[in-house]
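Heads up, the next two complexes both have chain A, just with different partners, chain B and then chain C.
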Partner chain A sequence: MKKVQIASSSFQDNAKIRNALLENFSQPTTLLSGGLLFLVALCAIFAPLIAPTNPYNLAVVSIMDSRLAPGEEMFDGTVAWLGTDGAGRDILSAILFGLRTSLLVAVCSALIALIIGLLVGLIAAFFGGRTDTFLMRIVDIQLSFPAILVALVLLAVLGKGIDKVIIALVIVQWAIYARTVRATAIVERRKEYIEAATCLRLSNFRIIWKHLLPNSISPLIVLATLQTAHSISIEATLSFLGVGVPITEPSLGSLISNGFDYILSGAYWITLFPGIMLLATVAAINIFGDRLRVLLNPRLSK
Partner chain B sequence: MKVSTLKPAIFMTAIAFSLGFSVSSASAENLKVALAAEPTSMDPHYQNLTINNSFATQVYNALVLQDVNQNLLPGLSTSWKPIDDKTWEFKLRAGVKFHNGSAFSAEDVVATMQRAANVPNSPSSFATFTKGKTFKVIDDLTLQISTEKPYPFTPNDMSRISIIDAAFVDATTEDFNTGVASFGTGPFTFTKWLPGDLLEIKRNDHYWGSAVEWDNIIIRPISDGTTRTAALMAGDVDFIERVSPSDLPILESREGISIFKSVSNRLLYLTLHMTDSPIKPYVTDSNDKPIASPFRDVRMRKAVSLAINRKAIAERVMDGLSAPAGQFSPEGYIGYSNNLKPDLYDPEQAKELISAAGYADGFKLTMHGPAGRYSNDTRILEAIAQMLSRVGIDTSVETMPASVFFKRFARGGPDKKPEFTAAMSGYANGSGEPSHPLRIFIHTKQKERGYGPGNRNGYSNSEVDKLIEDGRSSMDIAMGEKAFIEATNVAMQEYALVPIHHEIATWAAREGIVYEHGALDSTFLHYISAKK
Partner chain C sequence: MLAFVIKRVIQSILVLFIMSLIVFSMINLVGDPVDMLVNPESLPEEIDRVRRDFGLDQPVHVQYWKFLTGAISGDLGNSFIFGRPALALIAERFPATLELATCALILAVSVGLPLGIYAGLNPDGWGARIIMGGSVLGISIPTFWLGLMMIIIFSVFLGWLPVSGRGDTANFLGIESSIFTLDGLRHLILPAINLSLFKISIVIRLTRAGVEEVMALDFIKFARARGLASQRIIRAHLLPNILIPIITVLAIEFGTLIAFATVTESVFAWPGVGKLVIDAIVNLDRPIVVAYLLFVVTLFLILNLIVDIIYAALDPRVRLQGDRQ
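Right, the complex of A and B next:
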């Protein structure tokens, strides 16, 4: 790795993270949330292999199987362990596939938003002055609207589809990253090693890319984890409200919404099980993110 | 003043409810009703909208009334007849007074017609019912209405317009909303309206027809079906409309609740695009290459109809609240043809037809529909997509909010043409005019003549067109009806559209209340009565 020695503080940070991780991984909450997260990810990745049926294949799903209670047998002999929904989809399979959609949307949107936010934040912090003012006012405007409202309007215009949900989520989230990065980067910007790099007449690109970026990124790791959980919730809310993913390919949110109409008539399983899954996923990510925050915070570490 | 004397009565009712008393004794005359929507205005001529029109019949009368199956009944006019090919004569009811005390006469009708066609900012005007008609006062109680061409539906049109006092011909919509101008001749008088919260009407003690039982009716708009059910179960209201299908079993199993059901004239149907002109690629071959609509071939349209298991949709999706349909009208309703029965589920024959039409390799279809406009609409689309996928049409579904859907459905394509290849929509004959669905959906699109504005799929059959036009220009109503039924027979056998089902309308009330219902799914408060 070709790196100017003055930027070595990032190595220290990395070492700190590694030590802290090792030290704290023995903690039960970290283990539990991490384990759950790992399990959820496995379920999502291998959904087509482990799900009893393919809930997205309309030639297989039959309306005659609609609203079977948990444990009942479907027309083709498969047992619906968690029951079926109003369209005759096996809830267990639908949860696994829905989880896939939800996680895909959340991770993709968090990553893309992170990259955009990172760039904007770094540029604002490094160049300062008018650039900074201009970019940060855009961020302010963006953040002054509630995320769900912006996403709703965007999806009403864009239409349905997983790609469109991702676009909408990126648009509502990048500003949060941009602001966080800028706050960290503006502190780093004033430190001596950046000044030294500037004196060495290194190019702006190189200073931002090799020096400012590695030192501003650690708060983002925590933020990205928490925002992923937030994305899942927003996606679920949007699907619940009927914009978002197509009805023939439900995510966790649309499954919950589908079941909502049947709650009074006693078909609790359509809402309950996807609800539990959503809760577990979001909680696991949040707890894990929170642990990360504790670990990475220099003031809290001993 | 009125309001202050009312309040104790409401308060008493509230106490009676909270103490769990049966309300049948002292305060039986107050009725609380939860409706799915509220009128957009108290001005009976502001917007030609089902909910506005059904509410208007409570406070106002038209010259001609309609019963629950939209058969015409005498209203402010006691009798009507054609006196020549282009003129109808209406005899008006004597001794009728408006709620403000002024007497009703032919002048009021003329003034009303003038106002109804010219309400500023009306989202959908009543002018369509007055257009081309000349009103001539013969004497106080005789009116002649003439048209340029023979027109058999003048009485139907006259059943759509609420008669107001000529003194309020220049009143604004706002005057009606506040009650300054809301004086009709109907069974109830208007008390107050707090939009989004409540709407109150009071019995008209001087009503010319049979008097209603309730002193006051308090209407609350509750848009969510489950919330309406909960309100009835909690005793907050006495009567609700549009019970959610999924809530029906609970209400049925509960004591002290009566449920009313009837097959409504609301039809759900599929339109399948059938012209050569290319539209957006919602049909593709298995390599995702756009192809022309396969539904130009009548065999493909029939195959779609046969592939749909209407009974399964009725049982599984609608919880029994739909009746499989094979035409516009439900049995017993105007325009019903005895020759047309709903197609029975026959996937094998559907597959054969698809092969015969040359689509044995299958194709991909995107079907569109509104979300939340009709009962269970998205679920029905999902079920149909399953059924079509099973006969080899790889179907996906795209739904959108109703406002977006209808705009794109009508003119989302290139050159403002209809956009979708296959779409699900609904229709209910609001005016009760028997040729209405044929004129709107079946006749070849001829915008300037007012034919085919809802014909989105390009269906065109000159024989059918002629039957429709002949029936509409003959003063012989019986002959016209025959022509319309014949047109319906031909069009439905060619699958001009694919009927799915008629919704079954539902109402629920606490025990002791009865509701007289028919093919209309909207609620008419004067048909609610206490069990004798």
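Right, the complex of A and C next:
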């Protein structure tokens, strides 16, 4: 009986999402941002295949090519469409490789934070009482400080490195997921199917895992999308401030930071192009996430 | 009310204490500041002398105890680099940050509020679409990159405005600020716009959401039915109702402005606390990092407390006992 109910409710959810997506796929904003997002993901995944040069192969990079303007020809005959940086690396290739690092950090941290937040939120909603008050108090305190500040401090302590940036971003983000999950789960918790499951003496673990979790997860889809954009931004900012990803494995942020040294000499392309890529990625995710929020929220759809 | 405030103050002090413990113990795990302080070619005796002078030869818990007893009497230690009290350095730099954050906040409200109201009142018009599109862009655009682009356009190519620094300041009514001199204003304008852009977008979105929600309510319909001019409906009925949540949010946002000033200050070499702490992180100047953190944590706890009190005072539905549900 309960199985049927759960199966049908999650089926309805899926159908609702699918219908909403299909119906709105004709909208230009959704199509454009979704398409851009897809393109960016493809670029990041296939960077080593499509990049004209390998910017981190020291045997290929030549100092002779340093600070070429966009469109000039490099020493070995390749055209640097977006120019080269101070060390003679092709900006276009550096952007494609940097995008890879940026997306890797953002997606990994968003996923790990989502899992931790999900667990905390479910536990708080299921057990209620003191556990709930205690966990949500931690969440409140954590969320009263801006993400950039917390991440900055953590990295000042942890040091540089991709793994450390991911750890910092997870710590910064888990609380927002926990709060969102708890809000949904606490409503689900009071519904009859949970009561039924408790009467059947199912273990707490089983109730949380099999019944509460599947029904509390849908608001997280939108949140995870928007948070990914947010963490790309934070990572870039941290790398720009010199506490994020080291220059040996550059992200878009460290590329821009690298170009900071050359802006006064007029070599604008070293900062301009990685920044446009960063902006396009973050904006595409934000717009797509925003559309998704409107589509999935029955209260907002007219 | 009093019981609520006392409870929150005690809680805040507890948070502050735990933060100091975490920060102090974590920051002692990384790097040896002595390496930064002495010439690597110094004799071992010389290195030992420096270590003793700064009290770095003692175990961490002894260092923490010394720090804690000092902190209670307002002494957060001397900066390793400047050799002066860390708290004095922060107090010296804070007015610059405060000035930047205040200007950004004023900009955010004076630009964001009218645009948000316009977009909320004409939700389907082209103007609203452009405003809302702009606000998505404003939220997505990385602050530091925008700052760099502003320097490239206005300082490097056009040469209109200075690249960095704070410029002249003047004293007016006891406030030392750069808004009272032309040179100071020229230095201030780019960083202030840079810092405010994200907040402008947030204010636009908040205001529009508030306007759309309130305009659908019965008392607005009633005001319309009474034949009031739309100007009057906006000023007397709409504004008071949307301002409360916006003001509450802005009080918290002011804290994040001060935190985000770190980024803008680094781009424009603005001599505020943000720049100070970034340099301190790079140079392993522990006392400054710890002092800055405790300073900011205190600032946030106070701001949050004020917001909670304002909120409770304005909205009787909010229960003060910290009781959820």
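One rule holds for everything that comes next: the second predicted complex is superposed on the first by the 291 of 302 C-alpha atoms of A that agree within 3 Å, B and C clash if a C-alpha of one lies under 4 Å from a C-alpha of the other, contacts with A are read in each partner's own complex, and residues count from 1 in each chain.
The rule is short, and it goes like this: a contact is a pair of C-beta atoms (placed from the backbone, for glycine too) under 8 Å apart; a residue touches a chain by one contact, two chains touch by 3 or more.
Note that the structure is predicted; figures quoted are calculated from it, not measured.
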item	value
Side-by-side fit of chain B and chain C on chain A, or clash	clash
First, second, both or neither for A:Ile162, with chain B first and chain C second	neither
Chain B versus chain C as contact partner of A:Leu241, first or second or both or neither	second
Partner touching more residues of chain A, whether chain B or chain C	C
Chain B versus chain C as contact partner of A:Ala283, first or second or both or neither	second
First, second, both or neither for A:Asp261, with chain B first and chain C second	first
Region of chain B that runs into chain C when the structures are aligned on their shared chain, from 451-459, 469-477 or 523-531	451-459
Contact residues common to both interfaces of chain A (with chain B and with chain C)	156, 159, 242, 263-264, 266
Touching residues (chain side chain A, partner chain B) in the complex	57-59, 61-64, 66-67, 86-88, 156, 159-160, 242, 246-248, 261-267
Complex contact set, residues of chain C against chain A	15, 23, 26-27, 29-31, 136-137, 139-145, 148-149, 151-152, 156, 163, 252, 255-256, 259-260, 262-263, 266-267, 278, 281-282, 289, 293, 296-297, 300-301, 304, 324-325
Complex contact set, residues of chain A against chain C	132-133, 136, 141, 144-146, 148-149, 152-153, 156-159, 186, 229, 233, 236-237, 240-243, 253, 256, 259-260, 263-264, 266, 268, 271-272, 275, 278-279, 282-283, 286-287, 290
Chain A contact footprint on chain B (complex, rising order)	225-226, 229-230, 244, 246-250, 309, 312-313, 316-317, 371-372, 378-379, 381-383, 385-387, 389-390, 394-401, 404
